[in-house]
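One chain, chain A, appears in both complexes that follow, with chain B as partner in the first and chain C in the second.
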Partner chain A sequence: MGIRLNAVSHVYTAINQTPVEAIKNVSLSIHANDEFIALVGETGSGKSTLAQHFNALMAPTSGEAQLFDVSITAETFKDKKIKKTPIRKRIGLVFQFPEYQLFEETVLKDVAFAPKNFGLKDAEANELAKHALELVGLDESYYSRSPFHLSGGEKKRVSIAGILAMEPDILVLDEPTSGLDPQSQETLMQVFQTIQEKTHTSIVFITHDMNWVESYAKRVLVMHQGELVFDGTPGDLFNHPELKTWKMDEPDRIKVLNEIKTHLKTPLKSLDFNAVIQAIKTEETS
Partner chain B sequence: MSILTLKDVFFSYGKTPAIQNLSLAVEAGEWVTIVGPNGSGKSTLTKLIIGLLAAKSGEIRVNDLTLSESTVQKIREKIGIIFQNPDNQFVGVTVKDDIAFGLENLSVPYPEMIERIDTYAKAVGMDEYLEKEPSQLSGGQKQRVAIAGTLAMHPDIIIFDEATSMLDPEGRHAMMAIMEDLKRQGKTILSITHDLREALRCDRVVVMHEGTILKSGEPSVILRDEALLKQARLTLLEPFKYMNELSSQKRLTDQWEAILWESALTL
Partner chain C sequence: MKNIVIGRYIPGDSFLYRMDPRVKLIALFLLFVAVFVIDELWVMGGALLGILILLPLGKISLKKVYFGLRPLLFLLIFTFVFQILFNTQGRLLTTLRLEFDPLNTAIAGGLFIAWLFLKRFTKFTFLSFLGVFAAILTVLSQLTIYLPFGTYTIAIYEEGLLFAIFILLRLIIIVTLSTILTITTKPTDLNLGLERVLKPLKVIKVNTEEIAMIIGIALRYIPTLLDEANKIILAQASRGVDFQEGKFKDKIVQIISLLVPMFIISFQRSDELANAMEARCFVPGKPRTRLNQLIWKPLDSVVLAVTFLFMVASIGVRILW
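Presenting the complex of A and B:
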């Protein structure tokens, strides 16, 4: 088992603020291999908070996060003897906002930082970094540029490359496609899929786009007001009576098919694109 | 009459130009969606319009004012902008202060200020968060607050730079409704997005590529132009795949064109 949360709750407390229980009593398991999980939920439902418990960036207020062989609780989190760096190497997290992650002078240094930090020689770390940059679609012309002087989508790619270069066992991505142009979104999802298939890396990605959930996820987790309300397949989610209660939606493909169906007199035999085209044509001539 | 005119604008951060030969005229009350690949110059364009960056050559006009050091203040009063990363935008300690800050600068009287804060916080569904610190909000909540703060200032021109990229499906739909409402009020809207579903209801789609405008036109034309979309790293929306296939077989009837367009509006 890679990640196992047992009844994890997290309460944000700040001076002069009423405490916010961002996640409530969440239990779940994520295997170290072969998972492709979409984590969805309305804004503020606790997705990013949950994701930060996956690699010991946050400690549960109550409950336990078992991350490989390390148990993180409110108490053990403060224990200096329990090292968190090895966990963060095995479970890599890409933040929602790339700005939180970028800090080096150049793009190449930024991406090579983590592998160096985890003990690789400069040359090896740079090789990994260059490969990761290629995967996210940034060529050599970006190597010596400042990560702060890039467009939004370019920053996002650098922050993703930084984690890919670590080659973690589990890859957690907080809204990896937001800010990328549609073709880059598709390419990147394919990159994640290839990594998953080749190296058996488990992948968890947060998204608001149900199209990616439908075409890539094998499993979906739905957060709603801090609670984990669904853990199952995309197919079961899109047919779930409470889909709309959770403020979620069907993917475009299903919405359009539903609309087409209401205008066809005979029921569709197949939902395959060409079959649907054929059905529309038949109806027109009859 | 054009409310915003750009003529042969050129800008570069370093050697490679980020904006080149760009000309665009936006009519008052027009809703323009700007799309294009990462790094194609969309955010740079918005920064040039509000005078955060100065064009190397060319001219930018808002109404009858030509953008320059002496007019930039006046021009900014007419334009509201929501930046790509909302973190760069917050000044107040609480959400309420943050929305109030812009209004104080405009010397809006106190009772009206309270009313506007209330109205726009409700419009974006953040009325329960007025006492929170902006830094402690989730990504999508930050975007909503930034939107409320801008709308409350009642600008004539509103620029959204990927303001919906972190919103959930319901939030995205709510934003579309807000934009339609702004359009009815006669506001001019420039909306940058990577999500073509947000371009369906606008008046004109402008496709950017390598710092200039590749093409612009009505959504019903641009959104179906597969070759153009491909060049601009965009992908055809689901209903238009059916539309184009039927059309290529010369079997697209007016009725099915209408049905498929309607289905696009549900996305």
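Presenting the complex of A and C:
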């Protein structure tokens, strides 16, 4: 078992002294292998806060986060004897904005920073860094460039490589595709899928785009006003009656199919392109 | 990181809150002058008493003022102790002869190290320090058995003690007055007040509006940058940086990994802000109206008159006494 949250709540005090519940009573478990999970929810629903509980950057104010063999509660989080860095090596979290982590002079050094922090020799760290950069599609010409002179998309890839280089068991990505052009988004999602298939690493990604949820995720978690309201397959989510109340939307494919369905006279057995094409053909001939 | 508070404004309601920030600044200045002019201990004591009466009238709890004083506690004690130790004027009051021998020095050192270890678990760090300090003095002066390798005599003179108390009172008054100002005035109001108070300097070509604008922006961005710093810490912690641990060499890398993104983000933010201001047609130095106008109330005139009288009185006492 990789991540298990038991009734985790996180309350913080807002500037006007009122307590705000960022996440309420969330229980879930994520396996260390073969998971491909999309974490969705409207802005301010607690997705990012939840993600930071996955690698012990935040502690639950009540409840317990079992991260591999370490239990994180409000008390154990403060205990300096319980090391959090080993957890963060096994559960890698990529933040949304690469600006918050890039600092070295060259791309290669920056990507090798994390493995070096976990005690690897320079040569080994550089090997891992090169491998990670190759995975995200940055070739040798980038190694000696300054991370600050890259485009937004390239920075994003460097920041993702910076976490991939630690070879985490579970990879958590906060909006990995934001700020990228559509082509790069697709490439990056495919990179994650390849990583997942090759290494069986579990991947959790936060997104607002239902198309990625539909085409890549095996499992979806929906956050709504701090609560985990749905945990299941994408197929079940898009048929869920409360989809709209959670401020979620259907992916483009289902929208198109539904639109065509309203123009067909014969009822459809299943909602996919083959069934629709079949129905259109039979209607044309009749 | 979250505990850093600069210009701690605490919302409330009393005449101190209702005063015009301009008046507060001028009154503070007048009172500072008065406090520096006073040279008699009993007048200084009276001034402190006056402030202690002012606090409940202005609905400011002593505790809040203490929090303002706390960062300066070390400085206050330092000046107090130094005045007592090195001012040798007036009548000799008492002496304390310290004799160092291996045993009692070891005990004193042990007490101090024990305090260093235990201070994490005790609530009143400062009080316990005073206790330990007194214990060390007792050990050093009473428990001399054999082979003293050095002696030191603490001599306390009347003048030294009185002057130490005088300096202490003066510092406490100054810090308390400024704490009252920052507690009762929003940073934005304070800034606006400062701009208006400095306005006469325009005659000598000092651009007071820009100075006020710079201070205002700096104040506005403190919480934002703290927030950014926090995010950077989390992002680097995600990459295995342990900000609580590490050797000296690691510490340097940790700090660099925090400072470089911090610098870059600050420059980005300032660039964005400059663009946003230009997009709204901000032209430096152009006359500008204010959303919140400062209104001079009768209260302000009274306060100004009273503080002015106080200053005049303290100068009078100094000259005539």
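Rule of thumb we're sticking to: the second predicted complex is superposed on the first by the 261 of 286 C-alpha atoms of A that agree within 3 Å, B and C clash if a C-alpha of one lies under 4 Å from a C-alpha of the other, contacts with A are read in each partner's own complex, and residues count from 1 in each chain.
To be clear about the criterion, a contact is a pair of C-beta atoms (placed from the backbone, for glycine too) under 8 Å apart; a residue touches a chain by one contact, two chains touch by 3 or more.
Fair warning: this is a prediction, and the values are worked out from it, not measured in the lab.
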Contacts of A:R88 with chain B and chain C, given as first, second, both or neither: second
Chain B versus chain C as contact partner of A:E186, first or second or both or neither: first
First, second, both or neither for A:V256, with chain B first and chain C second: first
Touching partner for A:S48 - first (chain B), second (chain C), both, neither: first
Which superposed partner A:E99 touches (first chain B, second chain C, both, neither): both
In the superposition, chain B vs chain C on chain A residues touched: B
Partner chain(s) touched by A:G153 [first = chain B, second = chain C, both, neither]: first
Touched partner set for A:N117, first chain B, second chain C, both or neither: second
Partner chain in contact with A:M166 - chain B first, chain C second, else both or neither: second
Where chain A meets both chain C and chain B, residue numbers: 97, 99
For the chain B and chain A complex, residues of the former touching the latter: 13, 36-39, 43, 84-85, 87, 131-133, 136-141, 144, 162, 165-172, 194, 196-197, 230, 232-235, 237-239, 241-242, 245-246, 249, 251, 253, 256, 259-260, 262-264, 266-267
Parts of chain C lying in touch with chain A, wherever the complex brings them together: 228, 231-232, 234-242, 244, 256-257, 260-261, 264-265, 268
Residues of chain A defined as touching chain B within the complex: 12, 14, 17, 20, 41-44, 47-48, 96-97, 99, 149-154, 157, 175, 178-186, 208, 210, 247-249, 252-253, 255-256, 259-260, 263, 273, 276-277, 280-281, 284
Chain A residues within the chain C interface of the complex: 52, 55, 57, 80, 83-85, 88-89, 92-95, 97, 99-103, 113-114, 117-118, 148, 162-163, 166
